[in-house]
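Starting off with a structure, shown below.
All chains are identified by letter, namely A, B, C and D, in their written order; residue positions are counted from 1 within each chain.
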Amino acid sequence: MKAFSYSFTFCCLLGLILLATTDGLAQVESSDSLLSPLLPPSEVIAEDHPGDAGGAIIVRWKLSPDEDRGVTGYEILRSTSPTGEFSSIGFAAAGSNRYIDANTEDSLTYYYKVLAIDVSKNVSESELSSPVRSSAQWFDFHLLNLLIIGGLICGAVIYFIAHAKKGKKLFLRKIAGLEAVDEAIGRATEMGRPILFIPGILDMDDVQTIAGITILGRVAKTIAQYDTKLNVPTSRSIVMSTAMETVKEAYISAGRADAYSEDFVHYVTDEQFGYVAAVDGIMVREKPATCFYIGAFFAESLIMAETGNSIGAIQIAGTAMPAQLPFFVAACDYTLIGEELFAASAYLSGEPKQLGSLKGQDVGKIIAMSAIVIGALLETFFAISGSSFFGSLAELVHKLFSIVAS
Amino acid sequence: MRKDLVWLFAGILFFGLLYLLNWGVKAISTDLLVWIGAFLSLAIFSFLYQDNPFYKFAEHLFVGVSAAYWMCMGFWNTLVPNLIAKLHPPIVKGVLPAIAEKPPEYWYIIPAALGIMFLMRLSPKAPWISRWALAFIVGTTTGLNLVRYLRSDFLGQIKSTLIPVIVVENGSLSVGGSFSNIVIVLGVLCGLIYFFFSKEHKGIFGVASRVGIYILMITFGASFGYTVMARISLLVGRMRFLLGDWMGLLQ
Amino acid sequence: MSFFETIANIDRRVIFLFIGFAVIIPVLLSFSCREEATPIVQSIFDKIESLPEGSKVLMSFDYGPSTVPEVQPMVDAFLRHCCEKNLKIYMMALWGTGHNLISESMEDIIEKEFPHKVYGVDYVNLGYKAGNQGLINVILTDMKKMYTTDARGTEIDAVPMMVDIRNLKSFDLILSLGGGFPGIKEWVLFGGDPGNIPMAGGATAVSAPLLYPYYPRQLLGLLGGIKGAAEYESALIKGYPKFKTYSHPAIDMMGPQTVAHIVIVFFIVIGNITFFIGRKREEGEKREGGVIK
Amino acid sequence: MRRQIPLIITFIVGSVLIISVFIPHKPFGQLGENFSVYFDIIAVFAFILGAGNLLRVHGNRIYKKHKDWPYSMVTVAGFTLMMIAGLFKIGGSPGITGDLTEPGSMFEELYMYVFTPLMATMFALLAFYVASASHRAFRAKNKEATVLLLAAFVILLGRTPFGVKLTSWLPDPLSFLEIPNLASWIMSVPNMAGQRAIMVGIALGVISMALRVILGVERTYLGADSD
């Protein structure tokens, strides 16, 4: 853990230095010259827009010295030849010293001019920019911080997965909802009633659904050992076929291929409330003893959980939809909150490799917490002392965690 | 004859009769479509009492109609313009004349192939090929989501928590502002501690994790309480339809 | 079973029945209860009230059809208040969908209820322009760069009320309606704050909590959802009793919602009272049991 | 081999998508978007499986005279009707060249008068369930439940005129204790802190889960549980 704190601090500093160097705005000076003709903007520089797929050029200039004397804005002109005809491609407001031309061909060379315009519609033209071409880059330096922090977290997860392979025993705290899974399945068996599993209402392009399906696989393996009926209505066709495959394999690997039925998993409808209507119907008619709601949910969460409650089922929910968590917490017996949902399949698998990844997640939390503590302290020192030293440090931490769309 | 069906038919008949007999009555709606909407609404509401033939009818109708609805939407809004029209534009000349002129984009053969692979589940010989398509889907989902969540939920949320715990306003200390910021910073920290998996929640750590639970409980209670009103407004809307549009009891 | 146990284990259908009646009866009777404007709402009313005749108010329509039920009542109330106070209203949209909503609002409120108001003199529709926060950024320094004509295609300098508008700082108040992206937050960050222009807004109930942190320094007031709209409508009626006869959809919606809300609060209280009495009794019984044994 | 190929595909697709975020250059920059389009297309193909399954389930019930078989007929009939109306764009002025949701078309009418009331009413049931859930869940059973109850209660009260009146007598220096102010403080401070902690946790959970899947450590979804 210590090594991580150190490397984190080191990487922070590295990132900060890199970030600090990428973004420097030209200082703007203005001088007063009265009643002379409108002075043009100067030092027009055109450069390829960095960190993109090509097709864009940034034009920068030094403001017209007459900025304070009624300049209303700048017009940007472009041509493909220094002597050819220049055409207007856009405007920038007074006081702004850059313009992004997002409509260029990478194969052409461009020349730019910037016009200053004042209240009385006088114009004055700058010198020509040097020739420029747009091009695509292989790395977006604006995302360097994302790469550093993402790299740290992913590195931690991968490290602990690899580490766990060597068989080091990990301490893991208990998660009540998962402890209850076996009991809930056993209860359904005793009562001779089915188990209902709802893998959320989103498709396989949501990571919560994948978490739901993996948990279904684990749960189904346990269920397979009992003679209990499993019912998995799905609201997406792809989820249906994935769930079918998963449940079938779970039964096979539990040695109960004979107990598997094609009817366990079935498609209902893609429509959110149509799906809920059908699930409610299943609940009151089949009276499952246990209901799992694991995946992505929206407004339907409470409709299902309340109906499940009215039939006296044990209910175990898990979702990473912050808006629906309160309803599950209120109406279900156990709720896997956010991160616990994604940890659940690792817990249930009991495999060291999977459990190792949880330790990697904890490193992510340490990174988050140390960043918050450091950032908040720097901000506080800055607020109290007003010292620009703390100000710039705080600014740097901010930059490390900001996603600047260039 | 089955009892539930008798009830169902009797109910529908009764509703139909009401509809036919209301012609003279001034206020009540004469629009058959409004009557259908009202009947279906009441059928769903009846579930609040208990399961019954009317709810069963409405539920099964809902499932059939809505499943087909989304399939038609998928066919006309995705398959035709985004696949067929891309591969062979002239085919859609009859339905989407605007697109039919464009040159074909052959790389759309990839999703078509993946789609067909997925359907191989039905094939008796090589159902395992469908797993390739599934592997593609899962790879896409995990790859995209990893970065997406890292960006907006991890970096974004941490960034908004980088706030001073002592707030100075116009040169003087703001007690309220400072208190709020301290609660936010400590709240986030304790909340995160609650989620720690690999460390026993004992001692100071245990205390922080308890505070974390309380913060989460406040969050859940507050969000729940806040949503109640919005949920009731949905019912008000339905009641206005039933009492107003249908029965004409509202002015 | 004792009375308390009966109440504690009340059949949920009884609660359903109460909720049903709590909504049906007020809807039937068009019951509405007096909404007291909370400070966060009252401050917007007071601000508009304090503006002298002819002051310029910019309204940005940053919402779409799905949030019309929540946001439109706010728009209507603001429009009425501004018209009544003879303020000049400038309407624009950061959302493409806002464009039609401006025309509809003009038709429904200004043209119908204030027919003496003249387009171009008392109110103007600047329409939708793309650019999100970038648009705000530009008009912060120059309005006419982006708006060369109004939504009807009239040259901007030919619109009388636009002549003395240079940029956002020319306005006395900015009202943003919506709450999604782009919306109030972008207006605060790119318009109100840098330009130091008084700002207020109306947001859907879902997005309002995220905007609270801006009140009262960066936002002088905020209407949150139907409730905020209803509070504003009542403030308006209180200040100008003639509006009592006008439509007030938010107040109408609030009546049944409030009654149902109170019923829910009542059930929570009852649930807790019976829970505590039940627990006391249980403890008492246990103790007695101990003595007998 | 059959087990290995899918794992390799997932690994390549997943890691390329992660890397592509940092590479604006063609073709990487567009990959995420393109792959999402692919997903939508595969999803339409998969509808064939979904529809087939729906019809099989209800067909079986009708065939085997399951106790709810007449209702299954309703599902099949509703499905067939909507499908014909939608695929052939029946009604509506321009016919097959028109918009699917053209006003006046059979598809649109079914949507407006059958689909919409069912959907809105199902949604409206929430008003009832929110009441029964709060009656049952908001009880001071233990410390956590008490905190939940208090937070919910203040927010609920703050949204009724009654709650506003209850504390409006408080003197100005104590105005922050007035229920509406307290309610908005709870919403914007502790509630926000909790939301943030949850979201940061979720992000970490997603990252770790995604890595497990991409690296092939987690393969349950493929139906391949063990090596």
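Just so it is clear, a residue touches a chain if its C-beta (ideal position, glycine included) is under 8 Å from a C-beta of that chain, and two chains touch if they have at least 3 such contacts.
This one's a predicted model, so the numbers in the text were calculated from it and none came from an experiment.
**Q** Counting only C-alpha atoms to place each centre, which chain is farthest from chain A?
**A** C
**Q** Counting C-beta pairs in contact, does A-C beat B-D or the other way around?
**A** B-D
**Q** Between chain A and chain C, tell me the centre distance in angstrom, where each centre is the average of that chain's C-alpha atoms.
**A** 31
**Q** Roughly how far is chain B from chain D, going centre to centre by Cα mean, in whole Å?
**A** For chain B versus chain D, the centre distance works out to 3 Å.
**Q** How many angstrom between the C-alpha centroids of chain D and chain A?
**A** That pair's centroid distance is 17 Å.
**Q** How many angstrom lie between the CA centroids of chain C and chain D, rounded to a whole number?
**A** That gives a centre separation of 27 Å.
**Q** Give the residues of chain C that touch two or more other chains, as numbers and ranges in rising order.
**A** Within chain C, the residues that touch at least two other chains are 12, 16, 19, 23, 209, 227, 260-261, 264.
**Q** Which chain A residues sit where two or more other chains touch them?
**A** Correct list: 146, 150, 153-154, 204-205, 207, 210, 238, 241-242, 245, 267-271, 273-274, 277, 285, 306, 322, 325, 327, 329-330, 337-340, 343, 358, 361, 364-365, 368.
**Q** Could you tell me which residues belong to chain B and also touch two or more other chains?
**A** 44, 47-48, 56, 58-59, 62-63, 65-67, 69-71, 118, 121, 131, 134, 137-138, 140, 142, 144-147, 149-150, 154, 158, 161, 185, 188, 192, 195, 216, 219-221, 223-224, 226-229, 232, 235, 237
**Q** Please give the residue numbers of chain A that touch chain D in the complex, ascending.
**A** 51-54, 136-140, 143, 146-147, 150, 153-154, 157-158, 161, 203-205, 207, 210-211, 213-214, 217-218, 221, 236-238, 240-242, 245-246, 248-250, 253, 263, 266-274, 276-277, 285, 299, 302-303, 305-307, 309, 320, 322, 325, 327, 329-331, 337-343, 345-346, 349, 351, 353-354, 357-358, 360-361, 364-365, 368
**Q** Give every residue of chain C touching chain B within the complex, in rising order.
**A** Touch list, chain C to chain B: 13, 16, 19, 23-24, 27-28, 30, 69, 205-206, 209, 225-227, 253, 256-257, 260-261, 264.
**Q** Which residues of chain B touch chain C once you look at their complex with the stated criterion?
**A** 48-49, 226, 228-230, 232-233, 235-237, 239-240, 243, 249-251
**Q** Write out the stretch or stretches of chain D touching chain A in their complex.
**A** That would be residues 21-26, 29-30, 36, 39, 42-43, 46-51, 53-54, 57, 68, 115, 118-119, 122-123, 125-126, 129-130, 132-134, 136-138, 148, 195, 198-202, 204-213, 215, 217-218, 220-226 of chain D.
**Q** For the complex, which residues does chain C have touching chain D?
**A** It comes out as residues 10, 12, 15-16, 18-20, 23, 33-36, 38-40, 209, 212-213, 227, 258, 260-265, 267-268, 270-272, 275-276.
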